[in-house]
Each structure stands twice: as C-alpha cells, then as structure tokens.
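Chains: A, B and C, in written order; residue numbering restarts at 1 for each.
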Amino acid sequence: MISQFVLLVVLGLGVAGWFAARAKAQALYTGRGSLAAVPSYHGWHMLLWIVVPAVLVWAVWGGISPGLVRGAILADPAAAQLPAFDMERDAILAEASQLARNPDAAAFNPMAQQLAEVVRGIETRFAMIGAALAALTAFAGGAFGYTRVKAGFPARTRVERATLMTLLVASLIAILTTAGIVISLVYETGLFFRHVSPIDFLTGTHWAPRTGFDAELGKDFGAVPLFWGTLFIGAVIAMIVAIPLGLMSAVFLTQYASATMRKWLKPALEILAGIPTVVYGYFAALTVAPLVRDFAAAMGAENPSTESALAAGVVMGVMIIPFVSSMADDSIAAVPQAMRDGSLAMGATKSETIKRVLLPAALPGIVAGVMLAVSRAIGETMIVVMAAGAAARLSANPFDSMTTVTFQIVQLLTGDQEFDSPKTLSAFALGLVLFVVTLALNIVALRVVKKYREAYD
Amino acid sequence: MTEQKLKIAARNVNVFYGAKQAINDVSIDISTGVVTAFIGPSGCGKSTFLRTLNRMNDTIAGCRVEGQIALDGQDIYASGMDVVELRARVGMVFQKPNPFPKSIYENVAYGPRIHGLAGNKADMDAIVEKSLRRAGLWDEVKDRLAESGTALSGGQQQRLCIARAIAVSPEVILMDEPCSALDPIATARIEELIDDLKERYAIVIVTHSMQQAARVSQRTAFFHLGTVVEYGVTEDIFTNPREERTKDYITGRYG
Amino acid sequence: MINSSWQAPEMQRRLARRHAAERRFKALGLVAIATSLLFLAFLLFTMLRQGLGGIDWAFLTGSDSTDATVAGVWGAAKGSILTMGVTLALSFPLGVLAAVYLEEFAPKGRRWVEWVEVSINNLAAVPSIIFGLLGLAVFINVMHLPRSSPLVGGMTLALMTMPVIVISGRNAIKAVPPSIRDAALAVGASPVQAVFHHVLPLALPGILTGTIIGMARALGETAPLLMIGMRAFVATPPGGITDPASVMPMQIFLWSDEIDQAFVQNTSAAIIVLLVLLMAMNGLAIYLRNKFETRW
C-alpha cells in the first residue's frame, strides 16, 4: 500500500519537475541555437533526477528495513516473553506481522495477537521513515536537476546516455539468466556430489531416490535407467514418428503442393506445435495409452501396463512433426534452384530429383534440424509425466513403462520436500545433465546449419 | 549574380573503409550561392566524399576520415562538434527518395520539431508551408497534408525529401544523384528547384549526367579513383578541360 | 535412331515404372501430412466430445472444488491472467530494449556482445523445466518470494519468454530499411532519436507478433510452474500477484490426475477453453503479421 503511494508521489513529483524544467528552458529560448537541447529534454533530465534516485533509495530501504524492523520489535518490551528458540520465535513474529496487516484474521497463537499492535506500530514507523527518505531524495534530485537547466546544458545527450544505459542493462539480463541457470544448477549439483559420487550417479543402474544421508547413498542414485528412458522415448520412438512424417510433409509442401494447398496445410500443421504439452500429455494418457495397452495385450503380452514408453513417445513424436517439417522446409529451400533444374533438365522425374539431389544436398540442414528436435524431445516434460511412468527400468520393450530425466525432476521436487535432502539435490544434478546435453545439441546443430548455409552462399 | 561566400573548406581529405582507401588527398571549396557538381565514373568516391561533409559516414562501421573539413572555419571532425547540429546545418537528399512512412506534414515537421524551431502549432504550420512551397510541392499537396508521404509519386517524394531538408533551414544541401530514380519531367522540376535554392544555400550535387551537371552547376569537380582530377568553373571543365582524363570522361570515351 | 530407342517397349516399360514411382512418392507425402492432421483432428474431436457438455456459465465462472460438478475454471483462468500480466510487464519492455540495443547500438565484434547473443539464442532452446529449476533456486530459495504465486510464476515465464521477444524484435528491427535511419539522421536526429522515433514504431507490429507468440507459449506452459509449486488447490480466485494461485494448464494437469471419472469432462472442457484462447492469440498474431507486412 505505502509502496504504491510512495511510487505515485515520486512519479507525480517527476511530472511536475518535467513541466517546471521545460518551462524554465523555454524561457531561456531566444532564437535558433540559443539552447543546446530542446526544452522537453530538459524536462526529461529533471524527471530522471527526481525519480531514479528516489526509487533507488526506496528499494534499498525495502532491502534493509526488515532487519531493522525485526531488531526494533525484539528490543520492544512486549517481545521479552517470546521463546528464545529461533524457529518458534520466527513463526510467531511472522504471524504477528500477518495480523498487523490483516487485523480480521484469526490469531493462531495468542502471543502473536498481543504483538500485532506493536508490530504494526513499528512497521508503520519504519515505512514512514523510508517514505520520508524517498521524498527527500526526490526533492534533492529535483533541486539539483533544476539548477542544471541552462542554455548551454546538453540535456539531450545526458538523457540519451541514460537511455543507452537502460538498453545495455536490459540486454545483460540474458547473460544474467544464463549465469543464474549455470550457477544454481552447478551449486546444487556440487552439494549432491558431496554425498553421491558423480561416477555412481552417471554409471549406476539402480535408481531409488531416498532421503537421509549415508555412505550407501550412491547405490540408489544410479541415473542410467533415466538416461536410457529419456533417449528411448525422446530420441528413438519420437524420432521414428517425427522424422519420416515431418520430412515427407516438408517434401510434399515444398515440392508438390499447390500454393493454395500450402496456404492451408502449413498453418494447419503448425497448430500441432501450438497445442500445450499438457494437452498432449492428457491425450496420451487418456486415449493413446489404453490403445497401446490393448494392442500389447492382443500381441500376447502379460499384464501390459497402462503407462508405456510407446504411448508417450508416439505422442511426443507427433508434437515434434511441425518442428522437423519446418526445419526440413528451410533446408530444402536453401538448396540452390540451379541444382534442382540441372537434374530436372536431364529428364529425371521430380521424385528422383528430390531423392537423389535435393535431400542429399539438404542433408546437413536436416540433420541439424533433427538434432534440435531431439533436444526438444528430451527436455519435454508434461507428456512423460502424464504418460510414461515412474519405473526406472532398463528395457528395450516399448510397451514397458519407463521413466525419464524430466519425469524424475518433477517427481523429486513436488510433494513434500525438505530442501537439503539428497532427493531434491539430485533433481538439480539431473537438471544439469539435461541442460548440458540440450545445450551441446543446440550448439552443434547451429554450427552445422551455419556451415551448410555458407556452403551455398 | 548571387553573392558567393565560402562555406565549406575541405583540405587534404583521405577516407578509408577499413584498410581500403576510398578518397585520396582531396581539397575542395564549397560556397553559398553556388551549385557544385561532383562527377566521375562509378565507384570513384563521390558519395563517400559527399557523406564526409555532414558526417553521415559515421554510421558506416570501419570508415575513417583524415584531413580537415571546416564549416565556416570550424573543424567538423573536432571532438567538440555536435553531429546533430552539424547535420541540421548541412542537410542531405538521397539517391532514392526516402520519405518517412508518416503523413506529409509530419515528414516536414519532424526536423523542426526535434530541433525546437517552432514555438507553437502556428509556427510549425508556417514552417511546413514555407518548406513545401520552396520545394515546389505545396500546390500539389496542400489539400492532403495528412496523407502518407509514401503515397506520393517518385518525383513528388523526392521534392518532399528536399522540403524536409529545407525545413530545418540548413546552410548547405548535399544531394546524391537526386534525380536518378526520376523521369525527365520530374528531373526538370528538381533542376529548376535547385536553381531557385542556390540563392540561399550552398548546394552540392552528385550526378552521372553530364548535361545535368552543365545545366545546374557553376562549379564542377571531376573525381577519378578517389582523387579530384580537376576542379573549377563548370563552363571551363566542359568546354576546355585541362586534363586528358577529364576530357575523355565528359566526351564519353570511358566511364 | 535415338528417337526409336525411346520408343522401344523396354524403355516404355521403364518409363511407366518411373512414373508409377513418382505417383507413389507423391502419395506418400500426402499420407504423411494427412496422418499428422488426422491425429490433430482426432485429438480435437476427443476433447470436444468429452468436454463440450461441461462448458456452461457455472464452469466458466467457478473455481476449483473437490466436487467435479461444481468445479470451474475461473480461479485458474484468473491465475493465468495475473501470471501472464507479470510475464508481459517484465519480458516485453526488457525484450524490446535488449533487441534495440543489440541491433542498433551494441559495438560490433566485442566479446561480451557475442556472449549476450549466444546466451539469447541458447536460452530460446533451453527446456522449460530448467527455467523452473532456476525459479525455484533463485526466486524461492534465495529471494524468498511467495511460493505458488503469480509473481514468481510470471517472473519465471518472463525469463523464458524474453529471448523469444528479443529474437523476433531483432528481426523486425532488421527489416526496417536503412534509408529510414539515414533520412532521420540527415535532418539532424541523433541515433537514439532515429531509433525511437522512426525505427521502433515501424518494427512494432513485428515485435508484437513475436510477443503474442511468446505469450501464447507461456500461457500453455506447465512444467516450470510445477517446479515453483503453482499447483495449489485454489478454491477462491487469487486476489493479487502474491496470493497462491494455479494456472489453466496446471488445472488441467491436476484434474487429469483425479481418480473421480467426473473430472474427465472438466479436464476436456478446460482444455477447450485453453485452446480457444491460444487460437485467438495466434490468430491475432497472424492478423497483425498480414496487416502490417512490409509497406516499403
């Protein structure tokens, strides 16, 4: 509440400053070249001086004030009877501040009820101090900005410099995100590897994650069945579906379909890519999996499970079709027309030209596309969560239920979790493996595409 | 005769694109009241030199300028020089008309607005009208100022670009083959316009047409392979060139 | 002579075989597309058959409940709206500004600029669940932001959406012809003015198209939100971005897990609602793209 109010006041001051500075600059205008910057830039310069420092002060205050508030509460005589035990005390304090904000709520702990009044007073006091500080900064910034409004002052250059700084910071977010991913994954994985050796993790074949630390932990965190399940579903079954269908769709769309046909078929195919994965997962579990099970039963399998690698893989393959198709489309389009004409002019039929000339020439691009498709498939989560199963099993039978890296990450991190258990930590280790593998696939694929493009440019 | 006053003095200018030298030791004077024409075979550096005069070459990565170019005695490559002010004083019209995809009015008003040349709407209206009149476009567009500038014909677009350049009251106008995308009638109108404008401005025009250079300019510089082979009064260059290469070029023996 | 050899029955038979192969190949292509589209039709048909009956006013305005007959989708929809609001508010400005910087102002060939570009391209291909891990580790465990809230969900999805916006934004900016920049610079606009007055407005439709597509993807995303615990049972719609909330895909996931068969209809009905929203968004993106396709 008070945050919004402070922000509003500061912004209001900024707008007022904008008009004041512009008016002052306008008064200085005596003719062409008499002002180094258009009056409105003086206004913007002023506004920045009012808003930016004040907001920064408010944000910094927001960072340090909780500590100060807490200190003040504990120093208050009303807090003297609080239990000394940290956890309990924190719980009561948290409840008290909840009550302070929302007096209608029922108190669970009578002590919190007593403290609420005190907490409210202290919190309000500190918020007031922060607001005053922010307002003071806004006025100080404004006063400084106002003195800078002079005929020769390059307000535009200054404002533009601030703009460029903002742009720069925005583009650094991407690096920060990447760094955030790498650091958090590596850090948690490091904690995990203190208890389970990386060798056990990467080569062990028994996966039965559990809590509690002991020397035997490594025996139960062998991730090979997960890697196998991931590859079997994402790189084998899904690709067996997606590559032929995607490739032939692309060939048909680019080489045979008339313009009107392409105009309708291509977007229709792309709808497949726009359907949320949770919908695919639901469809796989509800419709495809029973079909697969019945089929397995008809084939004579005993007790076929509802969850199967096949159901998940096939649906995932369908999801990837438009992706493979558009990658193949691009690579075929990149093959120079002259090559195709050369073959056709010899009297080769269209299909012969496609099979003997176009596809071989486009192969590097297609391979890169398939690699990107695999990287998508192995990172796909919802379909396997809903249709693949939890059994960590090394099996080549597509009717078996199998588990994947992403499934296990979800499994390990949902439900009751305590943060430092080997279970939760192992999820980050799995995440790191997934990140590294998809990253490698992408980097290699992009290299291949680039090389291939250069070859024809 | 209009009064002639030295506006831009370029001395020993060299321009490099990376390691490649595009302009080699060029010295030229450009005066108010005079139309100066740059002629020469394709790739000889006319556009390159023209762009150095208002630092439009700053936008090209790897482009480097040596030597001195002074506008009213002030070095335009000095570190204190404000490029924005320079370009307001030295306007430019490009080979292909490039109006903003905005209304005709906005096209002309944009420059005065960012430079704060109009105190109010009435001032701005006056500037827009005056600029369009000078560019010989007012009568054709006065009833449709709100229409998009890109909806005009090629010749009209180019005159709009000239109006846009005039609107910030520059002292010099640089034109890089302003008529090459236009038909002969539109070209004739632009040439008339240049003749009118030269009273107030220093004008530099790059052209591939000898006839055009002869018709509109009073001074001509012949560029070849990055150097100025000959620079002087247009009549002299065309009737009595001193250099063999100039003669060969204007008689069409090569180029 | 040559003519006659083409007339030979041997050659004629060969030609006929080749033409037959040609027809077979073409048919194969058609079958491939038809198979994909049939799957799509089957999926949509199944959802419509199961879910259409469940869509009524009570369903559209109700919230989650343990009783399938009174459970509705509005609570999750509101969670989605709040989450998408946070995502858009963060990823759009940041994405556009980053795109402008990289395309117009970044010094070419610098090491750190290349790093930024590589980061963006790679982030666009990182599995979404990894963003969930990042959100869990940073927003929840380090910054202690409220778990299950649209705030954290929106921030996580914003990190995922931003690269999409940057990439489409750069392409849109690149498509603005350089002559426009020259025109602005030549009347004395500064580079910043040239970009913000001329280039960016012209690139905006393209940027918006990319943004809508990125937002549509975020709207259908479930996995990263599972990581940050947005699977709360939300019987009343969230009031603000710090309240516990669920989102539509998550509601679908949760309902699909219910043992009670009555939830099948709810699940499919929620899927229909979600798909209609997504189609509307993609339709809008296509409309924008067609309407503003290159005017120069």
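The rule we apply is simple: a residue touches a chain if its C-beta (ideal position, glycine included) is under 8 Å from a C-beta of that chain, and two chains touch if they have at least 3 such contacts.
The shown structure was predicted, so the numbers you read here are calculated from the model rather than taken from an experiment.
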Subject >> Centroid-based (C-alpha) most distant chain relative to chain B >> reply: A
Original post:
Taking contacts as defined above, which has more of them, A-B or A-C?
Top reply: A-C
**OP:** Indicate the whole-number Å distance between the mean C-alpha point of chain B and the mean C-alpha point of chain C.
**Re:** 48
**OP:** Can you check how far apart chain A and chain B are, centre to centre, with Cα atoms defining each centre and the answer in Å?
**Re:** 51
Subject >> Interchain centroid distance [CA atoms averaged], chain A/chain C, Å >> reply: 12
**OP:** Give the residues of chain C that touch two or more other chains, as numbers and ranges in rising order.
**Re:** 190, 193
**OP:** Identify all positions of chain A at which a residue touches two or more other chains, and write them in rising order.
**Re:** 156
**OP:** Note the residues in chain B that touch 2 or more other chains, in rising order.
**Re:** 84-85, 114-115
Original post:
Taking the complex as given, what residues does chain B use to touch chain C?
Top reply: 54, 56, 59, 61, 83-88, 91-94, 96, 98-101, 110-111, 114-115, 150, 161, 164-165, 167-168
Subject >> chain A contact footprint on chain B (complex, rising order) >> reply: 82, 84-85, 114-117, 119, 169
**OP:** Within their complex, state which residues of chain C touch chain B.
**Re:** 108, 177, 179-191, 193, 197-198, 202, 295-296
Subject >> Touching residues (chain side chain A, partner chain C) in the complex >> reply: 156, 160, 163-164, 166-168, 170-175, 177-178, 180-181, 184-185, 187-188, 244-249, 251-253, 255-256, 265, 267-269, 271-272, 274-283, 285-287, 318, 321-322, 349-352, 354-355, 372, 375-376, 378-382, 385-386, 406, 409-410, 413-414, 419, 427-428, 431, 434-435, 438-439, 442-443, 446
**OP:** Spell out the residues on chain A that touch chain B in their complex, using ranges where they run on.
**Re:** 29, 32-33, 35, 38-39, 154, 156
